[in-house]
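Going in written order, the chains are labelled A, B and C, and every chain counts its residues from 1.
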């Protein structure tokens, strides 16, 4: 009887397995990939590394937000998709006063909000005043500080917001007064904090002075960009669809873009391979060799205006001695790290500003060298011959698959080349930021991506008063050189001052630049006209989708 | 019986409050505020943000206003997602997790009980050992290995499903639910099997067989009823865990569920969100434990009698 | 003063014997035990056995498949995987065992005291267990790590501090049961102190159950360690752990499968073996 029962069970198991297999086979019947279906509808599927924390241009701080916002809004000035030169956008033309302190923008009268009303100079003034309003607590308000009185208003020293150096001379003329000449001001204007918002719309949702309001929701948001917000569900996706009121709507090929916030880089790659994405945000270095081998056409690597570096806490020994810092900076084989862990041929960094940032180049002789013998000598001079007697220091980095292997490799290089023991210390993102802010580190991983394509975007970080200057580096000569650069009339003169400043900083070596960023990602052959530039700024307007490609 | 459950619920209330209070103060002792950004945020801005979210008040005042809002069922705005309230996010994401967790629970029960009983049915034979051995695999392989392996096989090789996402309903749920279920299935299989084996040797089973009852009948009617008992008490907390989402599975399959908030809110210092997650979980745990008590009473009159005391 | 049958009923000797008998009867469990002993001793002797240092890199070598020099291949840093697995196993076993010891110590004493005291104390103590039980474990551990920094030591305590709950419940239930048995009542009548009863009568009798529970706790702690590694909250690099190695391997599963296969194999086999042992003991000795 037992046998009988066992037999029956066995049979049942076989039947169940068969049913499962059949079901699997049926669903295996040729599946049309979501990417092709979307391409037929003119919808671009993009991977986005993180979910937007906010879609309010005043409050957005990250690149994943900017990717979406640059489709939804249009600033005064745009950037050429390749060269990043300022091009007309909401403003059709502009004038700069001879002292470089006054900008007058003439707005395009045909520009409309997605509710049909015209985009006016008043909307810009409203938006900018909102950003600097201390009550809003916009994290990136500091990007507005070149504008006259912006800093004073934001810090509460000036309570009258109307003193902000931005005035609507008429509905279509906007005058901006700067605190000091800022040769890079036009390139700042396509950062999202400078985007206009519809005053009418925000007032309707009571959003003028508050962070928490519903104006950024799909049915509520009024935009002036090529797209409008159609759907937003946290951790699922953000969809934007074509804005019929956009003045250039006829030349926009896409019907929409879906941004998928895929936080796991391997998940994103699998999604791309399963045909669920047209463009990924990035690709895991572990996959790069295989992709190069199997489908190199889908792999893209664009230079990006960013640098990955380690910084020293120069306020505390042993890194208060510039010889120690330079020894550390000179004993890392950057090429080996790039080839081992990054795999996409990133450029090794021996200086802080990426080469060719708006034509700026620092001479090789002024950069940090890779010279182990010299490094050992410097360390010996500082009193630690062969690393003897060197105190135990920590290398602090935030938890990430990208940072860990590099930190491990650098730790070994310092041990091998200098004989010093460095302990790795990995912290969560907020704890890492807090440690950095409070100077509670010896060496810390860091990185910087330029907000605008000019060397100032990098070099300003080392001004004595800069909030990002966590290293404690402070040099009056450096500050003076940057100021001289701002006042330079000639481009060559400005760059010379900047180069002198950078060389001065590198000589003191508060940082160890490791490599310059590249944007490495996969792109489907269905996507045509995808341009790239240093800022990873993509204009969706010109992008076309061809569902037949790559069949 | 009713009295038993009322008293259990009444007992749960202080438990709930102690948890909420403990976590409320704990999150505020974690270094790094919720508003730190890569770029330096000015002191004034931080002060404005702290005062907007009431973080500049003394802790006791914060706690009181938190309780006041809680009484109204308002968990406050999310610190990370400007413009979204915690209530709204949890409501939206709970639906996804309930769906996924429910499916996973069903799979886990069917698979676990099936394997467990089948293993127990074979009298100490090799098949029984093999089945229980297989069921242990679920406990031995972390989901972050199992998930990607399943995706590689079923999505990228066999091309059956999407590799991630939550849009294509029936097909998108299969792999994540299965990945999630396997671990629980293994536990259920183990619990049900060991109880079933034990019951088989009991006197009443032998009596029933001697009396001429069919073996299958004895098995299904007598043994199973007793063998589900440990499973039911296991299901309580397990269901709470399943329905509140799983970080690993939701990350690997890119599912917009609750599980990711449990981790990300803690990593981002999103205070209000942490509180929301903790409260939701506690409510789930308390509710499902009650439910499993209830089920136990329904299955076993002896337990019901004890509860009536 | 004590009569012989009391001693016999509560001798710890018999609990060990029972466990051993249960293991002997199950060949798979015996093999599992053998596997665990061999693997664990190899790992704890990693300093002597391992062919290479776990952190010495050879970046120009990179990830290579298994070869004569590197039996299990190398990882992306060119480090010998076998050596890293041995050292990693040491960390994982240490985490598992230490957390379990913490859990056993807290759980057993808590459960016994609760059960012995009974009444209101018992109710209160069990309420506390309920409270900790309803905390979402992951949030708890993450907050703890963020608040107190990251150290291996803290991971043990954090995990042990959560895993004792089940143990406390089981021990308490058994204590209540044993307390009402005749031989304990006899001991009470003979004037033995509470402490003496706990030590001489209850502890030996719950021993088997605690052992089973511990055998099942070790693998669940190891799995938790793997989960923490997945979150990036595991041990500090470059120290390896099995969970961390499996996690790294999972990243490279397509391009360097050996990086996943070997650690995953040993990790899973260990978890399986520990589970198998626990199960065999619980079935064979009638403890649950």
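Operating definition for what follows: a contact is a pair of C-beta atoms (placed from the backbone, for glycine too) under 8 Å apart; a residue touches a chain by one contact, two chains touch by 3 or more.
Quantities reported herein were computed from a predicted structural model and do not represent experimental measurements.
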item: Chain-level touch network, classified as line, ring, star, complete or other; value: complete
item: Between A-C and A-B, the pair with more C-beta contacts; value: A-B
item: Geometric centre distance via CA averages, chain C-chain B, whole Å; value: 22
item: CA centroid of chain A to CA centroid of chain B, Å; value: 37
item: Gap in Å, rounded to a whole number, between the CA centres of chain C and chain A; value: 44
item: In chain C, residues with contacts to at least two other chains; value: 142, 146, 231, 254
item: Touching two or more other chains - residue numbers and ranges from chain A; value: 266, 428, 430-431
item: In chain B, residues with contacts to at least two other chains; value: 30-32, 148, 152, 267
item: Touching residues on chain B, where the partner in the complex is chain A; value: 30-42, 44-46, 48-49, 52, 77, 80-85, 89, 92-93, 118, 121-123, 125, 127, 148, 151-152, 154-156, 158-166, 168, 171, 214-216, 219, 251-254, 256-257, 260, 267-269
item: Residues of chain C defined as touching chain B within the complex; value: 28, 127, 130-131, 133-136, 138-139, 142-143, 146-147, 219, 223, 226-227, 230-231, 243, 246-247, 250, 253-254, 260, 264, 267-269, 271-272, 275-276, 279, 282-283, 288
item: Sites on chain A touched by chain B in the complex; value: 1-2, 5-6, 9, 13, 24, 27-28, 31, 34, 51, 53-54, 56, 59, 61, 134-142, 154-156, 210-217, 233-236, 260, 262-264, 266-267, 270-271, 273-274, 276, 428-435, 437, 466-468
item: In the complex, chain B residues that touch chain C; value: 11, 14-16, 18-19, 22-23, 26-27, 29-32, 129, 132-133, 136-137, 139-142, 144-145, 148-149, 152, 190, 194, 197, 237, 244, 247-248, 262-263, 265-267, 274, 277-278, 281-282, 285-286
item: Partner chain A, residues of chain C touching it in the complex; value: 55-57, 59-60, 62, 76-77, 142, 145-146, 150, 231-233, 236-238, 251-252, 254-256
